[in-house]
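Structures given as structure tokens follow.
First chain A sits with chain B, and in the next complex the same chain sits with chain C.
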Partner chain A sequence: MSVAWIGSQPVSLMDAIQNAAKLLASSRCPVFTLDTDVHGTRSAIALIERLGGAYDHALGDVLAKEVTLFTDHGGMFTTPGEARRRSSLIILVGDIPAAHHDMLLSWAGTQPDLGDRGKRTWFHIHGEMNAAAKLARQLKAVSLGAEGLSLGGALAVLRAQLQDRQVARSLGGIEQFRKALAKSQFPVFVFSGTSGDAPGLAMLQGLIADLNRKGRASSVFLPADDDAWGTALTSLWMTGFPTRTGFSNSLPSYDPVRWDVQRMIRDKEADLHVWVSSRGGETPPRGGTAAVISLSRTEAPASGAAVTIAVGKPGVDHDGVAYSSRIGTFRALAATAPSPLPSVANIVRQLANSLPGRKALPC
Partner chain B sequence: MKALTFSLLAEPEERLDLSGLTPAALAGLTALQIAKLRIGTGRNPVLAGDILKITGKDADSLVVEGSSSRLDKVGSRMIGGSIRVTGNVGNQAGREMSGGSLIIEGGAGDHAGSGMSGGRIEIKGNAGDNIGGPLAGEIVGMEGGVLIVNGKAGNYAGDRLRRGVIAILKGCGDYAGYRMIAGTIVVKGRVGAMPGYLMKRGSLLFDRRPENLVPTFMPCGEPDIAFSDLFDRFLVDEKILARPLLGQKPGRYGGDNAVSGKGEILFRRGR
Partner chain C sequence: MLTRLVGGEVVDPVSGGTSQRDVWIRDGVLIDPPQGETAGETHDVSGCVVMAGAIDIHSHIGGGNVNTARLLMPEHHAAHLPRPANTPLSNAGWSTFQTGCLYAQMGFTTVVEPAMAPYTALHTHLELADIPIIDKATLAILGNDDFTLSLLRNGKSSAMLDDYVAWVVGSTRALGVKVINAGAAAAFKENVRSFSLDDTVPEYGISSRKIVKSLQASVTRLGIPHPLHVHCNNLGIAGSADTAADTIAATEGVPLHLAHLQFYGYGTEGKRKFSSEAARLAELVNANPDVSIDIGQVMFGQTVTISSDVMRQFTAIGNANPKKTVIMDGDGNGGGGIVPYRYKQDYYGSLQWAVGLELFLLITDPWRVYFTTDHPNGAPFTAYPELFELLMSSGARDAKSAELNTTALELTTLASVRREYTVEEIAIMTRAAPARLLGLKDRGHLGAGAIADIAVYRKGRDIAKMFREAALVFKNGDLVVKNGKVTHYRWGKTLRLNPPPDKAMVKRMKDYHDEHYGLSLDWFTFPDSAISRDEPFAEVKCNS
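Moving on to the complex of A and B:
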């Protein structure tokens, strides 16, 4: 079975590496789309630094929205484990990604055993009813909202009403919520980057800060995609910045507009796109004039790619490390079906060794 | 003496950082020294002389002839003198400007006037998102000066504004005056959703009753206050508007009550 292609022709892995290295060395503006585990991300960022390129995640738009809360506002956060054990009042905020529903439903069958001891009650603050409505019904959550009001509007009204300030419209369920707040020692708001837009999430964190003047409250952030959030954290660890970082003048700079890789390809600022995806089944987006190098979990050459190299999936083909929102940190992944497919980090190291200068990567 | 003029020879392949081309930075430099300034931001960055034809000598009055959305940071950190651009510019025009005059005869990208503290920027065309607002990770927006957009502005106009005036003459996107703590934003034309969201203090002045207000703004009647007259006069005297914006006894909303509630939206009644 072939693992490397130049265009649509199967070639040896070494030939593909040499060809890809030539493209990287001659590129005016190489950009990378990353979607892999910690080792792959670290080695890719080290290579990008050497090349003076820029990188983003495959889910760059959603991830940028999540990152905005942290870069532009900040907040108070706790882990799912703390929320499960300490909180008798959980408030779902807007739409929660389906990947987290099982975890939240598992909380419904438990009671807090530290701090709060009472039966757990659920509320759901929302704008127009959405996909989270089903989850809220399953959890028997009390609805906090008003017809025609967006989530951002509902959060603003809730924050004002909890400070006994005047509002033009009231929320349904607000009196029940006040009573629940008075009983709870540690209310926790559960939200995601897909829950609402950035101002609404900033309002939520302001509301939590208000509650902390008289007691304790916090929030659990559940990313839209765990792997994407892991990439953002790895990027922070490597450069001090999340994804959408570029190495202009050899120093990292973060700019979510300038280093939006899809925009750079669309606007023809980039002339080489390196697509790194060990997720499986993902293909580089079409369009633009940039040449494409694809490192992906595939059995066939990527359509339109100058070079395609097949890589394994962490946790399936080889061991890996990935972020888990359930524990709020990184966890080791043991290979479930080990295969000879190389890891992203392995291929990236070979690419670095094939570049002029032949200097090995630090990671 | 003829204005120091930079004529764009071709559309640049990479984004250009023009923050080094300000009257103060170029004072005393020869044409040869200016041509060797690095303005490219790519892997093999271009020099000013590679992409710009340089003529004229008066560094206090700069002209950029050409139009490209890749011309970033035009007039950034400018402290005096004047810059006139004959076409469009990219992001962060007039960023952290503290004095002088920047006239852009085309449109501007995102973050025009970001963090400016003085001087005057006039954009004849449209502007992108976050005009006057801080960049990611910064906590202070525009702190002074006047920023005029003759066309439309995008979302988040005047984010974290704390002093100065922003005037937008053909409407703006959502969240105008987001997180503002003082200063004034004038909008003629349609305003998007949620103006004044998380606004602590300051004034939003509109030529019509705002639609899509967040319910934490409350109507406060039609106060007979001197401020509207004074500000109308300022806008006409500064040639920002030809006619008064608010007129007598404008309508007023107070908010955002989710935060301190000391901000205001004043609007012309009857529209």
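Moving on to the complex of A and C:
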């Protein structure tokens, strides 16, 4: 089975590495799209620093929105474990990604063993009905919304109503919610970057801050994508900045507009796009004039890529470390089906060694 | 490889005192002068002071809360690039890479991250492993988790608590144990807003004092070299000196380390009801040989406070500058708060600055007072050179005092204290004493058999410059810094204890996590290989 291609032609791994290294060395502005585990990300960022490139995540837009909540606002948070053990009132906020539904459904079968220990009740605050509606039904969540209101609008109305302020229209379910809130010692709002826009997420945190003036409340942040959030965290400790960071004069700089890799490709600022995805089944986006190097979990060359190299998936083909929103931190992953496919870090190290100067990477 | 440092003034309070003599290194280890051998590499260090590499026992350099602070404050990192001298927080460097380099440039070769939440140990160690050059270590946080509190509430045996503490220390690869505002994080989840040493945690009915005393005893029984590291209750509030005094009195003949005592040095005198109690605390420390403390000195400028004392950080939200914060109610001992703060040269900032210096200068035994700013809480660690100058020069203190709020300084004894630290005392406080406190027999001195962690400083009138830019730094015998610049990158290790886990406790932990989190224990533990570096850890022995 081939693991490396130049164009559509199978080649040896060494030939593919050499060819990719030439493209990297001659690029005027290389950009990287990352979608891998901690160690793949570490090695890629080390290489990008050496190249003077920039990087983003494959889910850069929604990740940027989640990052913005922290860089611009902050908030009050708790972990899924603490919510499961302590919260008798859980409010789903907008759309919760399907990847988290099993965890939330599993909470329905448990009772808090700390705090008020009350029977857990669920609410769902929403704008127009969305993908979380099915989850809300499964959890028998009481609907908090009003016709024609966006999620941000509903959150604003809820915040106002809980402050006993005049509102033009009331939310359905508000009285039931007030009663549940009065009984619960540690209500928790569960949200994601897909839940709403940035002002809506900030409004949610404002609401939680209000509740904490006299009582307690918090939120569980479930990232739109765990691997994307893990990439942002890894980027933070390696460079001081989240994703959408580039290296100018060897120093990192963070700019969510300037270093939006898809924009850079679209605007022809970038002349080389390195697509790094160990997720499996993902292919680099088509279009643009930038040459493409694809490091991806694939059995075939990526369409339009100058070089394709197959890599393994952490936790499947090889061990890895990834962010898990289930525990709110990183988790070691043991390979479930070890294979000879190399890790991203392995390929990136070989690329670095093939660049002029042949200096080993620190990661 | 044989290396010789020639002509320097060696300051080594443990092995040989202060004298002009050569220092010899063979294969990364210090040796006695060999007979009839010629060094392969010789460095002329005449005109320089030669000390062991410095050790920082309390600096928040990695882990979930530190990373969240990076996430909250990217603008402060970016701001420094064009004008680094004006933005001290940014000067500290925010990345793991810069952390290692900046510490090494000042001659520090070992740094302890003092607040590792057990459930986020893997994250912490991933960050520490990416800090180049220096060795690292962590203290595992205990005292706010349901398991510990349940053991104490249910009157379980001290042996069971010991087994649990040993399991946490071993599985998280920690070098010791820290307790942070014992019981307060658990109480805060129950909407308790203030918490003192004899307050009890709702749900468990046990006092903060009981938690501290139980963990202090357990750490001692287990032979963990570093005494229990205590972040007391009531940090930062007027009157907190009473809490610190009560905690000092609670040592009862057993060692205890109090972290960042400066933040507890406040009384309630004066028009603003915020005064210095440093002299009283210093007296209490001087009179109690079981107590050691680090300072947590405040220096002026922008910083960000990072603490697992979530109750305290929540109350500080109103003082956030800029106005954005993160408060995290974590699992068990995790969580905390990130609150940006700017120390101004106003009444409060001036008083805090003076309290820290009073403690430094009035505590007489340099073996029991440790040099910290509680990075970044009091100031970034890059402020250390200026702090050395303040300790070694009463003239520098006077000059700085002249810029500050006189009303605040009049409520302190600082102006009357003329003590100046000697180089020998600096060597004790930043080398010999930390090594002894942490149980690190292989460093902190320049005797034969020690690892060759060496800092060479060029003597000069400008004390801050001398300590900011080490002339030479060796880490395990590798020359890593020359004339204040990193010349060689290497990867240090993370120092850890490795007490054997009790099998019954491991089973108990499996059952506990399965029952309460619906997850197997392996979600919370990790193999060394997860760090993805060759031999990332080095083992330190427990006392027998």
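The working rule: the second predicted complex is superposed on the first by the 363 of 363 C-alpha atoms of A that agree within 3 Å, B and C clash if a C-alpha of one lies under 4 Å from a C-alpha of the other, contacts with A are read in each partner's own complex, and residues count from 1 in each chain.
The rule is short, and it goes like this: a contact is a pair of C-beta atoms (placed from the backbone, for glycine too) under 8 Å apart; a residue touches a chain by one contact, two chains touch by 3 or more.
Quick caveat, the model's predicted, so the values are computed rather than measured.
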>> Touch test for A:254: chain B only (first), chain C only (second), both, or neither?
In response: both
>> With both complexes overlaid on chain A, does A:29 touch chain B (first), chain C (second), both or neither?
In response: first
>> Under the stated touch criterion, which partner chain does A:76 make contact with: chain B (first), chain C (second), both, or neither?
In response: second
> Can A:345 be said to touch chain B (first), chain C (second), both, or neither?
Replying inline: second
>> Touch test for A:153: chain B only (first), chain C only (second), both, or neither?
In response: first
>> Tell me the contact category for A:321 with respect to chain B and chain C: first, second, both or neither.
In response: second
>> Quick check on the superposed pair: does A:238 touch chain B, chain C, both, or neither? Answer first, second, both or neither.
In response: second
> Now for A:100: first (chain B), second (chain C), both, or neither, which partner does it touch?
Replying inline: neither
>> Just checking: does A:114 make contact with chain B only, chain C only, both, or neither of them? Give me first, second, both or neither.
In response: second
> What part of chain A is shared between its chain B contacts and its chain C contacts?
Replying inline: 71-72, 254
>> Going by the contact rule set out above, which residues of chain A touch chain C in the complex?
In response: 38-39, 42, 67, 70-79, 81-82, 84-86, 106, 110, 113-115, 185-186, 212, 215-216, 218, 232-234, 236-242, 251-254, 319, 321, 324, 326-332, 345, 362-363
>> With touch defined as at the start, can you tell me which chain C residues reach chain A in the complex?
In response: 62, 64, 66-68, 70-75, 77-78, 81, 93-98, 119-120, 122-123, 126-127, 130, 132, 146, 188-191, 203, 314, 324-331, 334-335, 338, 489, 491, 516-519, 522-527, 529-530, 532
> Across the complex, what residues on chain A touch chain B?
Replying inline: 27-30, 51-53, 68, 71-72, 149-150, 152-153, 155-157, 159-160, 163, 165-169, 199, 202-203, 206-207, 248-249, 254-258, 267, 269
>> Applying the document's contact rule, which stretches of chain B touch chain A when the two form their complex?
In response: 13-15, 41-45, 69-70, 72, 91, 109-111, 134-137, 175, 178-179, 193-194, 197-198, 213-218, 256-259, 261
